[in-house]
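In what comes next, subunit A is part of two complexes: it sits with subunit B in the first one and with subunit C in the second one.
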Partner chain A sequence: MAAIMTTTTRSRRRKAINAETVLIALGVLALVLAPLYVYPVFLMKVLCFALFACAFNLLLGYTGILSFGHAAFFGGAAYFTAHAVKEWGLTPELGILVGVAGAAVLGLVIGFLAIRRQGIYSTMITLALAQMFFFFCLQAPFTHGEDGIQGVPRGHLFGLIDLSESMNMYFFVLAVFLLGLLAIWRIVNSPFGMILKSVRENESRAISLGYSVRRYKLAAFVMSAALTGLAGGLKAIVFQFATLTDVSWHMSGEVVLMTLLGGIGTLIGPIFGAAFVTTLSNYFATSQLPVTLVTGVIFMVCVLVFRRGVIGEFYASRLGRRLSQPKTEHCAEDEPPRS
Partner chain B sequence: MIFDIPIQAFLGQLLIGLINGSFYAMLSLGLAIIFGLLNVINFAHGAQYMVGAFVGYLLLTWFGIGYWPALLLAPLVVGLAGMLVERLALSRLYDLDHLYGLLFTFGLALVLEGAFRYWFGASGKPYATPEALSGGYNLGFMFLPKYRGWVVVASLIVCIGTWLLIEKTRLGAYLRAAKENPTLVRAFGINVPLLLTLTYGLGAGLAGFAGILAAPIYQVSPLMGTNLIIVVFAVVVVGGMGSILGAIITGYMLGILEGLTKVFYPEASNIVIFVIMAIILLVRPAGLMGREA
Partner chain C sequence: MKRSAIAMAVLAAATLPAGAAEISDGKVKIGILNDQSGVYADFGGKWSVEAAKMAAEDFGGKVLGAPIEIIDADHQNKPDIASNIARKWYDTEQVDSIMELTTSSVALAVRNISEQKEKIDLVTGAATTELTGEQCSPYGFHWAYDTHALAVGTGGALVSQGGDTWYFLTADYAFGYSLEDQTSDFVKQKGGEVLGSVRHPLGTNDFSSFLLQAQASGAEVVGLANAGLDTANAIKQAAEFGIVASGQRLAALLFTLSEVHGLGLEAAQGLTLTESFYWNRDEASREFGKRFYERTGRMPNMVHAGTYSGVLQYLKAIEKAGTDATKPVAQVMHEMPVDDFFARGAKVGANGRLISDVYLMEVKTPEESKEPWDYYKVLATVPGAEAYIDPAQSGCDLAKP
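Up next is the complex of A and B:
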C-alpha cells in the first residue's frame, strides 16, 4: 500500500493525520478538564462503558462477528476483580489484571464454541453461553447471588496513590481508558487488523488466500473479551460493587446499541454512543417510563434509518470525507458488514 | 424408587419437562419457520408469546371473553400485528446483513416488554383455568391436572399441523420453493413478498398461541418471555436452524431432559440445555438435524 501511494495522497494523508491529531488532542484535553464541571463518578461510568463499547466494536466493526454475550466478559471481570480485591486483598491494578485474565479465558471458551458456526448462528451461541454464565453467577457462592459483591475497597494504586480520592480515581480511569483505546487503535491498524477486516469483508476469500480464518477470529474474540474485562474490572473498582446486572443479557444489548448508535466500525463512534446511552439511562432512571422502552425505540429507529451511526454519518458527510479521504476504510464503510 | 428418588417425583418432573418441552417446541418451530424463509432471527418471539398471553388476559378482564374464543383470537391478533411490523419495517431490511433483522426485532422486544411493564406493572397476573379443564385424573402413581394434559395435546396438534402444512400442502410447497430460490419463484408469478408477510404472521401467531396456552399455567407477566427466548435459541441451535422437524423434536426432547435434571441434579437444571448446546456444537456443529450451511 505504501509503495503505490502517490505523493499527493501522501500529503493529503499528512493533512488528515494532522486534523485527526488536533481532534484527538482536543478530546483528551476535554476529558482532563471535564471533572471540574461534571460529576466525576458519572464521567467514570461513561469512560468504563466507552471502553466496553470500543472493545465490543473491535469484534463487530472490524471482524464482523456480532456477539450478544459480551455482558459475560464485562460482568464476569467485575466479579473477578471485586473478589480479588476484597477477599484476596490485592491492589486495584492487580485486581483489574485478574479480571482481564478471567475475561480472556471466558472469551477463549465462548469464542471457541461461537466461531464453530458463522454469522447469525454465532450470535445466538454467544447469547446462550452468556446466559449460562449468568445462571452460574446466580448460583456460585463467591458472587453472593442476588446481593452481588458489595463494599469492594478502592485501595491504593501500586500501594501508593489513594483511589478513594475521586480525582485520583478519575485520572486512573482516564489513563486506563486511553491505554485501552490505544491498544485497540494499534490492533486495528496492524497487519493483523487488516486480515480481520478482510475476514469481515469476505470470509471465503480470506480462506482461499490461505489465512486460517478461525484462528484470527478466535484471537480477535479473546482480545475483545480481554479489553471488555479491563472495562468491567475498572467499573467494579469505581463503583465498589459487582452485581448480576452487568452479566445479564440486557447489558449485552446495551453495548450493541452504544456501538450501533455511535457508528459500527469507527474507532471513536462507540465512545459517543456510550456517552449518549449512559446519559439517557441516568435521565430515565428517575422517571416512570421504563428505560427499555426508550432504548428499544432508539434501537428500531437506528436500524431502520440511521445504520451508520453518528460518527459513521460524519465520515460519510462531505466534511468528514475531506478530513479522512486517503483512509479509504472510512468511506468504504457506508453500510457496515454485509454478507 | 430409582436411584433413591421416589417414583412420584420422577414422573412429576417428567410431566413438567414434557409441558416445558411443548412450549419450547412451539416457539422454536415458529423461529425456525421465520428464519427459514425470511433469514431473520426473530428476537421478538418471546415478547410475542408474552403479548399472546396478555391478549387473552385483557379479553377476559375488559370484554369478558373467555378462554376458548381467546385461544383463537390471541394468535390472530399477534399474527396480524406481526404482519404489520413485517410490512412496515422488517421488509426493508432483507437486503442488508442478517444482523440488522436480529437487532430490529431485539429493539421490538424491548419496546413490547417496556410498554407492557409501564401499563400493567411487573407483577404476574393470574388467569383462571377454563372450567372444562379444571380438575384432573388420578393415574394411581400421580395426579395429572387436566389442563396440563391439554397443553401437551394442543401443542402436539399445532406442531404436527404446521409441519403438515409446510411439507404436504401447495402453500407449503410455495414456501419451501421461495426459500430455495425466491427470484425464480417470483418469475413463476407467485407473490413472494406476500408469502414472506404471511410467514412472519404465522410464526408470530404460533408464539401468540403458545402464550395464551401458557397463561393458566404460568402467571401473565411482561417478563414471561424474556428468559424463555434465550433457551429457545439454544434449542434451535441444537436442532439445526433450517429444520422444522428438528425444531419440534429437540424442543420436546430438551424439555424432558431439563425436567429429569431437576430430579437428579437440581442445581444444573437452569443450564443443562446450554451445556447440551455446547456439546452439540463440538461434535456436530450443524445441529442434530441441520445441514451444514
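Up next is the complex of A and C:
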C-alpha cells in the first residue's frame, strides 16, 4: 500500500515537474518573441516593474513584512545608477551594480530600524524613512530636483554591445529580469527561505526553535532592497532618466497594488500584477477616461473578487491545485484529515 | 476626438491632392502629451488639446493638401509613461511633433527623445529654463513662459509699480530656491530690497506661522516662490490673515487664470502675477477667448493660448517649407516671426525660445469684475527681450556666438 502511494506521488511529481518546465519554457519563449508583437520599450517597463514587484513580494509574501518604503530603494537605485553612468561615465552594468549596492545600503539602514517593531508600526517606520529619503532627493543637488537626472546614456554593455539598439536593450533587460527571478526563486526554495516562511507563519515559534529571527528578517530586507535596486537601476538605463516619481510614496503604493492584484506569496503573481497595472496606466493614457479612477475601481473589484490575487486564486482553483499538487507544502494540505 | 480626426482623414482622402507627396505618411500628426487627470489638469489638460484642435481647424484642417491630425495622451505626471508614449508615437504611429508637455521632468525626458529621433517638440506647459539652456535642441522649442520670465515680470516690474521691499515664502526645494533667487535679483536690480525669506516644506497645509513672519516683516510685497497646491493654500490662508486687506501685496510667481478661477475672486483678489496672455487684453485675444469658451466652457490661460499659437506656427512653417521633414521645418520656425493673437511680431531665438511679451497683472476684486472670467487688470507689459534670457547668454550651445 505504502509502496503504491510512493510510486503514484513520484510519477505525479515527475508529471508536474514536466508541466512546470514546459510552462516555464513557454513563458520564456513568449518573452523572447514578445518584442516582435509588442512595443519593446513598453515591455522593458513591464519587466522592470515585474522585477520590482517580485522583489517586494520576497519581503511581503515570504517573510510577512509589509514595507511601505520600497520606492526609496527603487527610485534611489535609479538615481545612483543614472548619476554613476552620466557623471562618472561608468558602463551600464557597473552603473546598475552601483544602484544595487546603494539600494542594499539603504535597505540595511531602513530595515535595521523597521524590523525592531512589528506589523503596522514597522510599516509606518518604512514609510517615514522613505519619505525622509524622498525629501533628501528633492533637495540634494545631484538629483536636479524636479527636473530629474536626464539624458542618461544607455552606453555599451561590457563596452561592446550597443544598448541604444532597442532589441539589444530588450534582451539585456530580459536577461537581468530572469536572473533576478532566478535569485528570488533560489532564495525562496532554500533552507533560508523555509526559515523566512516560518517567521511569517509564527515568529515566536521560530524564536523558540532557536533562530535569530531579527537577523533573518534583516537579511530578507536587504535582499529585497537590493533586488528592487536592480529593477530601479535597470529602469534608469531603459528610460535614460531618474526622477522624483520613482521615490515618491505613490510608487510604494503602486507596488503593493501590483503584488496584491497578482497574488501575495506566489512567484508569478507579482509579475502578472505588474504587467496588469502598467498596461492599464498606459492604455488609459490615450483614452478619454480618468486613469486614477479606473485603476482604483479595478483594484477594488479585484480585491473583492480575487482575495488571493489573480494568480493566487488560480493556484487555489482545481486546475491550479492539480498542477502544483506534488509540492510538499500543498500535499500536506490536500491530505484528508486523519481520523 | 477620434471620430473628428477620422472624419477629417476621410474627407482628406476623398479629395487627395498632389501636394501631399511632400508630407510623410500623407498626413501631419501632432501629439499633445500632458497631465489630464492630476494636479495640472486645469493648468493645461484637455483644454490644451482643444486649443490644438482649434488651431488645426482654423488652419483649414489641411496643410499642403495633407490632413492634420491631433492626438493626445495623459502622462499622469510620470516621466516613464510620457517617455514610453513619446517613443511609441515617433516609432510606430508616425507622429511628426509632440507639444504641450506639462511638468519639467516630462518635458526634459521628451526633449531628449525628440532630439535623438530628430523630431520637433514644442513645450508650452513646463517652466524650466533648461529647455532653452543646456538641454536645448535644434528641433526643440519653448513657448508661452519660463521661470525667468515669471521672475522678471513679477520681481522686476512690480518694483517699478512701487513694491520696494520683499519677503519670500519659498518652497523648500530646488524649484523654490531658483524662483526666489531669480526674483530677488530683479528686485535688487530695480532698486528694491529683500527683507528676508522663510522656507516651507513641499505640500504644506498650514501656512499660518510662515504668513505671520511675512506679516511681521513689514515688507510691501510677500512673494510666493512655490507652485500648485502650495500657492493656492498660501493665498487662501493669506486672505484669512488679511495680508492684502492690511496693505501688503501678495505676489504669486507661478499662477494662471485657471488657478485664479479655482480659488475664486474672494480669496484671490489683489494678488499680482505674471502671464504671457490674458484673454481680455485686446480685440483678437477676446475673439479667441470667446470661441474657446464656447467649446470648453472656460477661458484660456497662457498655456492653452500658447499651445494654439505653437500648433499654428508649426503648420505655417510646414506650409512655408513645403515639407514636413524636421530640419527644414525647424529652420523656418527659427526664421519666421510669430504673428498671431498670442504673440505679435515675436521671434524665436537660436535656442528655441519664443521671445514674446509678458504681462504683470493684478487680480480684480469681486466688485471690479464685470463678467464671468473678468479677473485681471494689466499693470505692466514687459517686453520679450527683457523677460527672457538673451539666447547668447542662455548656455545653449546652438546660440553661442
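The working rule: the second predicted complex is superposed on the first by the 305 of 339 C-alpha atoms of A that agree within 3 Å, B and C clash if a C-alpha of one lies under 4 Å from a C-alpha of the other, contacts with A are read in each partner's own complex, and residues count from 1 in each chain.
Following the convention adopted for this analysis, a residue touches a chain if its C-beta (ideal position, glycine included) is under 8 Å from a C-beta of that chain, and two chains touch if they have at least 3 such contacts.
Nothing here was measured: the structure is a model prediction, and the numbers come from that model.
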Contacts of A:Q139 with subunit B and subunit C, given as first, second, both or neither: both
First, second, both or neither for A:Q288, with subunit B first and subunit C second: both
Which superposed partner A:W88 touches (first subunit B, second subunit C, both, neither): neither
Touched partner set for A:V41, first subunit B, second subunit C, both or neither: second
Contacts of A:G296 with subunit B and subunit C, given as first, second, both or neither: first
Subunit B versus subunit C as contact partner of A:L304, first or second or both or neither: first
Which of subunit B and subunit C A:T243 touches, first, second, both or neither: second
Which superposed partner A:G119 touches (first subunit B, second subunit C, both, neither): first
Overlap of the subunit B and subunit C footprints on subunit A, listed as residue numbers: 135, 138-139, 288, 290-293
Contact footprint of subunit A on subunit B as seen in their complex: 39, 41, 89, 92-93, 96-100, 102-104, 106-115, 117-118, 227, 230-231, 233-234, 236-237, 241, 267, 270-271, 274-275, 277-278, 281-282, 285, 293
Subunit C - residues contacting subunit A, complex: 1, 36-38, 71-81, 83-85, 87-88, 91-92, 103-105, 108-109, 111-112, 128, 130, 135, 172-175, 201-202
Sites on subunit A touched by subunit B in the complex: 66, 113, 116-121, 123-125, 127-129, 131-132, 135-136, 138-139, 249, 253, 256, 260, 288-300, 302-304, 307, 335-339
Partner subunit C, residues of subunit A touching it in the complex: 39, 41-42, 45, 135, 138-139, 141, 144-148, 150-151, 235, 239-241, 243-246, 281-282, 284-286, 288, 290-293
